[in-house]
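Chain IDs A, B and C follow the sequence of writing; residue 1 opens each chain.
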Amino acid sequence: MKAEQVVEATLFASQTSLTAAEIARADEDLDEDAVRTAIQSLREAYEEAERAFQIYQLGDGYQILTRPEFAPYLERFDSVPRAPHLSPAALETLAIIAYRQPIGRIEIEEVRGVSATSVLRTLVDWELIRVVARGDGLGRPLLYGVTQNFLEHFGLKDVSDLPGPDELPVVLGDLQATVEDVQEADTDPVPAAEDLP
Amino acid sequence: MSAIAPPREAADTIGESFQIQLERFEGPLDLLLHLIRSQDIDIFDIPIARITEQFVSALSDSLEVIAIERAGEFVEMAATLVRIKAQLLLPRPEQPEWEMDPRAELVRRLLEYEHFQDVVHVLQGAEAQRGRHFGKGFIRGRPPPLLEPVRLELGLEEFLKVAARIPEPMPPAAVRPPSLTVTVDEKVSLLRRLLDKTARVPFDRLFRPWGTRGHAVAALLAALELARQQVLRIEQVRPFSSIWLLRGRGRAKRNGTGRPAAKASDES
Amino acid sequence: MKAEQVVEATLFASQTSLTAAEIARADEDLDEDAVRTAIQSLREAYEEAERAFQIYQLGDGYQILTRPEFAPYLERFDSVPRAPHLSPAALETLAIIAYRQPIGRIEIEEVRGVSATSVLRTLVDWELIRVVARGDGLGRPLLYGVTQNFLEHFGLKDVSDLPGPDELPVVLGDLQATVEDVQEADTDPVPAAEDLP
């Protein structure tokens, strides 16, 4: 049995992304390096054969997903549950946390000018943010950061993959151009994933 | 009877004095077939007397431990066997044709039952083989969250647009330069210079660039002192709005902070 | 976008089997024949590239599943609950229904020599059988047949995949041989599912 095939079977069968170490558990003969090598060669094989799926690195894990250009076809199926929209308040809070983490509730409220209590609870429930530390100040406030789930949603490996605040206008301009080519941005849930190595 | 059960084990050993656990058999046909096949008996020539004896013996051994409903099924079969046995003892008619054999119907049922046992084996094989194919989502992966994971309909672009609207952060406290000590006199000089150039000075102009409490306190004391000297007036349109320092009547004197204070301030 | 890729993305994204008609909904340019042609050519591509998975036909649906030889690797992971093995009583009843459908309770009991009431209820609950008609006899008895779920559970395309009476092990065969077959079946089962086109 080739290492590649074992890695492929494991990635295919998994509900979530798996780290190289987790994948290596499939077989004593596998180690993390062998897994990464196998993933690389599977990626090349999929690319060459123009498979409709690819292995993406999401956070510290790997997952086989359909390529984003097929999203419009897949969304025709009722079976794909339509995802809830985040409220503008939740979205703004999420952006603040992504760019300022670790950050406490008080600081978030200073930026947004309104209470953040309930929106923070929602974001924690949805596993988009989590408590990453406690501050030094009065009452040792909870400090929040974004989760692996957040990164996976946007197809990011790391928070540092987010464009910096100064780059934002440029990146948004580029995205806008791309989006107009593809027609609809909203139907494409992971536009950035295709660029992942 | 539960529909889930481990695969049936091979039948018990059968000997001269066999012990049969009736509950291991799906029913009387299963037991009967077992008695016949395990003793290499020709199914088309079943020794009814012997088989009946073995069947009844197995039944009476287990009658107390099996459920009434199941016992009834075995008892019914025992009655059939006894009836066949009796028929065989009767004088045979002239033509010993198969159709006339009192065992014929029982043999038909046994063969039919055996046929379906073969199908059961095929199904078990298919089930085992199917159990080795896994679809997407078979491996759980990371520990499941307490709640169902929420799928978001949110693109990176939408997210970044929101991020771009967030105001720039205040420089974090840790990177602020250490505050310099400042005297009230220094602020008095600064204030006088500013009032020479312009008739109105925003109060925060005196400390905001330094951003420390020390500068703010020194600026406040300087403003109060000069107000006392009527070099300036302090004005505020409404509570918590911006504070303005306006050029006053006593501006001629350049260097005085000397006169004792009559009162803390004119206004504010 | 090639038809094959759209079909592949659709099959890949689904956790259940999909009929050709369901897959065709992904794109106006697809019809059932085009879907079946695409599936055939994907099957050949997977075979040739030695992918760890293949497209299998289960009843009238298609699903991508891992190949059986990878089961030992995948079974090392924490998995979702698997379909339980059916009891001998359930299998016996299913065997009779599969070969004699539509068939009523009384006829099933005649073959088995025991009551079938509770096992029929269980099989209906598990959607392995369903009422397909009513008989003409006294009380218009319910007649049962096997379901799509039955075909999926056993990895069959059709009930006709089951061997005909003449293909079954010789009816008068020696019991011991049959017992050995069963024991073997656990480790080296009949290659029914693997043969699925």
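Following the convention adopted for this analysis, a residue touches a chain if its C-beta (ideal position, glycine included) is under 8 Å from a C-beta of that chain, and two chains touch if they have at least 3 such contacts.
Here the structure is a predicted model, which means the values were calculated and not measured.
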item	value
Chain whose mean Cα position lies farthest from chain C	A
Selected pair, greater C-beta contact count between A-B and B-C	B-C
Chain closest to the assembly centre - both centres taken as Cα means	B
Chain A and chain C, separation of their C-alpha mean positions in angstrom	37
Centre distance in Å when chain B and chain C are each reduced to the mean of their C-alpha atoms	29
Chain centre separation (chain A, chain B; CA means) in Å	18
Multi-chain contact residues (two or more partners), chain C	12, 14, 16, 64, 66-67, 70, 74, 77, 80
Numbers and ranges of chain B residues touching at least 2 other chains	134-141
Of all residues in chain C, those that touch chain A in their complex	1-2, 5-6, 8-10, 12-14, 16, 22, 25-27, 45, 49-53, 64, 66-67, 69-70, 73-74, 76-77, 80
Contacting residues of chain C [partner chain B, same complex]	12, 14-16, 56, 63-68, 70-71, 74, 77-80, 82-92, 94-96, 98-99, 110-115, 118-119, 122-123, 126, 152-156, 162-163, 165, 168-169, 171-172, 174-175, 178-179, 181-183, 185-186, 189-194
Residue ranges of chain B touching chain A (in the complex, touch as defined)	134-142, 145, 147, 149-169
Partner chain C, residues of chain B touching it in the complex	1-8, 10-11, 26-30, 33-34, 37-38, 40, 43, 69-70, 73, 77, 109, 111-141
